[in-house]
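Here it is: the structure, laid out below.
Labels for the chains are A, B, C and D, by order of writing; each one numbers its residues from 1.
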């Protein structure tokens, strides 16, 4: 029954992540009939005007996608569920579902007036709260291993705990950066998301993952040449 | 095959809960281009004007989320399915999917004219119907244990039946409160949702859950200090 | 691997049903700020004006919900999958996802001008196509039992085949009725949906299901009185 | 644990496909109150005016549905997961979720001015990128069989690899066709989608699948006549 519990929690969370990530496309506005009828340069210019919205779409998509990878990683270790875990998970999903809102504001404000920092503050501030929610969920579940599997990999668990410890602090730096430079803050947030998605034993992993990606391209090249 | 039946019923219900909870974010309106371009105080003031919508978002999110926890708890005991159960489950999902509508009306009316009670009556009335639907589903499944597992925990089943017996009556009190005070009615509904999400052996559980949450914070504190 | 195949087909279909059924709520329009501020009678009158939309919401909800029960029943017997089944399933889902569109038109047209039959023709016509799609899916899977489980209940399979044989014809009657009376056609379609959701050995089942529902109410009554 | 990993990846992907395919219906605009009240010819004319949107709906529905069949086919062989696979899968889903946008533009522009090729270029260009994403995912997983099951069917794997090798090139032809004829390009893209959904040992399969479909119709005919 324990397993069944986390599996429904994961299914529900997967659903929320899937809906949230797909709704993002609704933010890309269709082109006007006038421009579609004229076509040519006008078409590509109006499409170019959608660029901030498209970038916000891609950014939110990867942010939510990487948060899903994170969630997935935690639940590789969490094997039991209780009311507390469900409430903390709900809190986390609340922030995830909200993420597209500040992301859209950043894209819009940067397009209209790149000198203003308000939306970037809201965006990085939301990420600080998200990092805190991830910490709460993980600490609640991993404290004395109470909701982890009996066969939990102690080193992997400790590595996640260590990595997460600095999460809120790192996102606070992104929040501070938003006062100085909007672009630097956004890029820093994206790098952090990637950092938390990667397995915690990072330094050893990067060359390994990179080798896998490179060999994939070499295999394609090889097949194309022969 | 029996198990497969409830698992598809749960998967479908999880999907409905997940979509309903995520669609809520669409109620938060984007800021105007004018305000985004000006930024600064105007930005935060217009965002503050979104506060009732944000509160309705958070309230609906936790209401639906806690209803999911409830649903999940019932289906820890329900192990078989039949056409009647599917129809009662459909009725329950109908009310769940409708919940965001009166919630948004309450937030909007309270913002525009806090003296009016109409939306709060609609909101608490919807909750009375939801409580009745939960009762119907549970009574239908648990009557003579017909759809419960053979190994059903008799005490837990009796505890849920007892707790649910008072559900509609308690929500009727919230409905009555809405004539007197909108705020009191809403807060009472939220407390009820939380009460039904918690395991029925409540008095013994609260200190336990609280101890778990507190120990989580102590663990974080400890790690931060060392 | 066979089992895994239908389970992903079912999961994908469950997702489509869940999203389609939940999107329906977007058709209910929020009340105007003016009416919310005035409250009282104006509030309930404007809400009453939403009645056709609310009825369309409830009708579409139960139509799609009952179609899900149907789909679920077929896949209790279908155990294997191939490309043909996936394409017929896709065709079925296409019509399911489209259902809310003619339903909304019926509600709107009936409200504006109950003498017009156009939307009801479109609605019952869509249901004819849906019945044909259900038939195609089932015939394709059940022909010589090719995609059914080895332990398929021959009587249940024959009962479904027999019941489905008359589906398109019955819906054609609903289509004909739409020329005479919009209300009669809609009610007939709803009764048909219910008829196809119920197990095919209908006459023997109705008193059984009814007894179950009645005993549920008696149990509640008993608990309330003691 | 390995199996659990791909199962959550598949569940999340199924969710994204299901939401994306269902959101398509939101592009079909409701008829105006005026036309609904008048009914008759005006009703069917305005509905006819929705034809390009309806065709775009059907096209996008089958495109995304067939991409789901493709995804499903790959994950019949992929049995393990790692961070790289999750990121490539995310990239693929990003393009899937975006597909309805250029599809709607093609339908709209073709309706307004069939002489313009811009939207068709965007549409076929998006399909080139989609083909590349499918290739990356598959090459990454199948290189030296690293994420495939130990019992992977070597011939089936080689057949997919061979079929996918020409994917981007074939879609580039569709892209080139868009400069010459919008209609030819769209039809070619649809045929390609179907080609990739079918099992790779195509020539041997078509008569087989066709025989299955024909026998289904014969069985219906037989039952109707007796």
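Methods note: a residue touches a chain if its C-beta (ideal position, glycine included) is under 8 Å from a C-beta of that chain, and two chains touch if they have at least 3 such contacts.
Here the structure is a predicted model, which is why all the values come from computation and not from measurement.
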| item | value |
| --- | --- |
| Turn needed to bring chain B onto chain C - CA fit, degrees, nearest 5 | 90 |
| From chain D, the most remote chain by mean C-alpha position | B |
| Intercentroid distance (Cα basis), chain D paired with chain A, Å | 26 |
| Centre distance in Å when chain A and chain C are each reduced to the mean of their C-alpha atoms | 37 |
| Multi-partner residues of chain C (each touching 2 or more other chains) | 11, 14-15, 18-19, 23 |
| Parts of chain D lying in touch with chain C, wherever the complex brings them together | 10-11, 14-15, 17-19, 21-26, 28, 30-31, 33, 36-40, 43-44, 47, 57-58, 61-62, 65-66, 68-69, 72, 75-76, 197-199, 209, 212-213, 215-217, 219-220, 223-224 |
| Of all residues in chain A, those that touch chain B in their complex | 1, 4-5, 8-9, 11-12, 14-16, 18-20, 23, 82-84, 86-87, 90, 93-94, 97-98, 100-101, 104-105, 108-109, 112-113, 115-119, 122, 135-136, 139-140, 143-144, 146, 161, 165 |
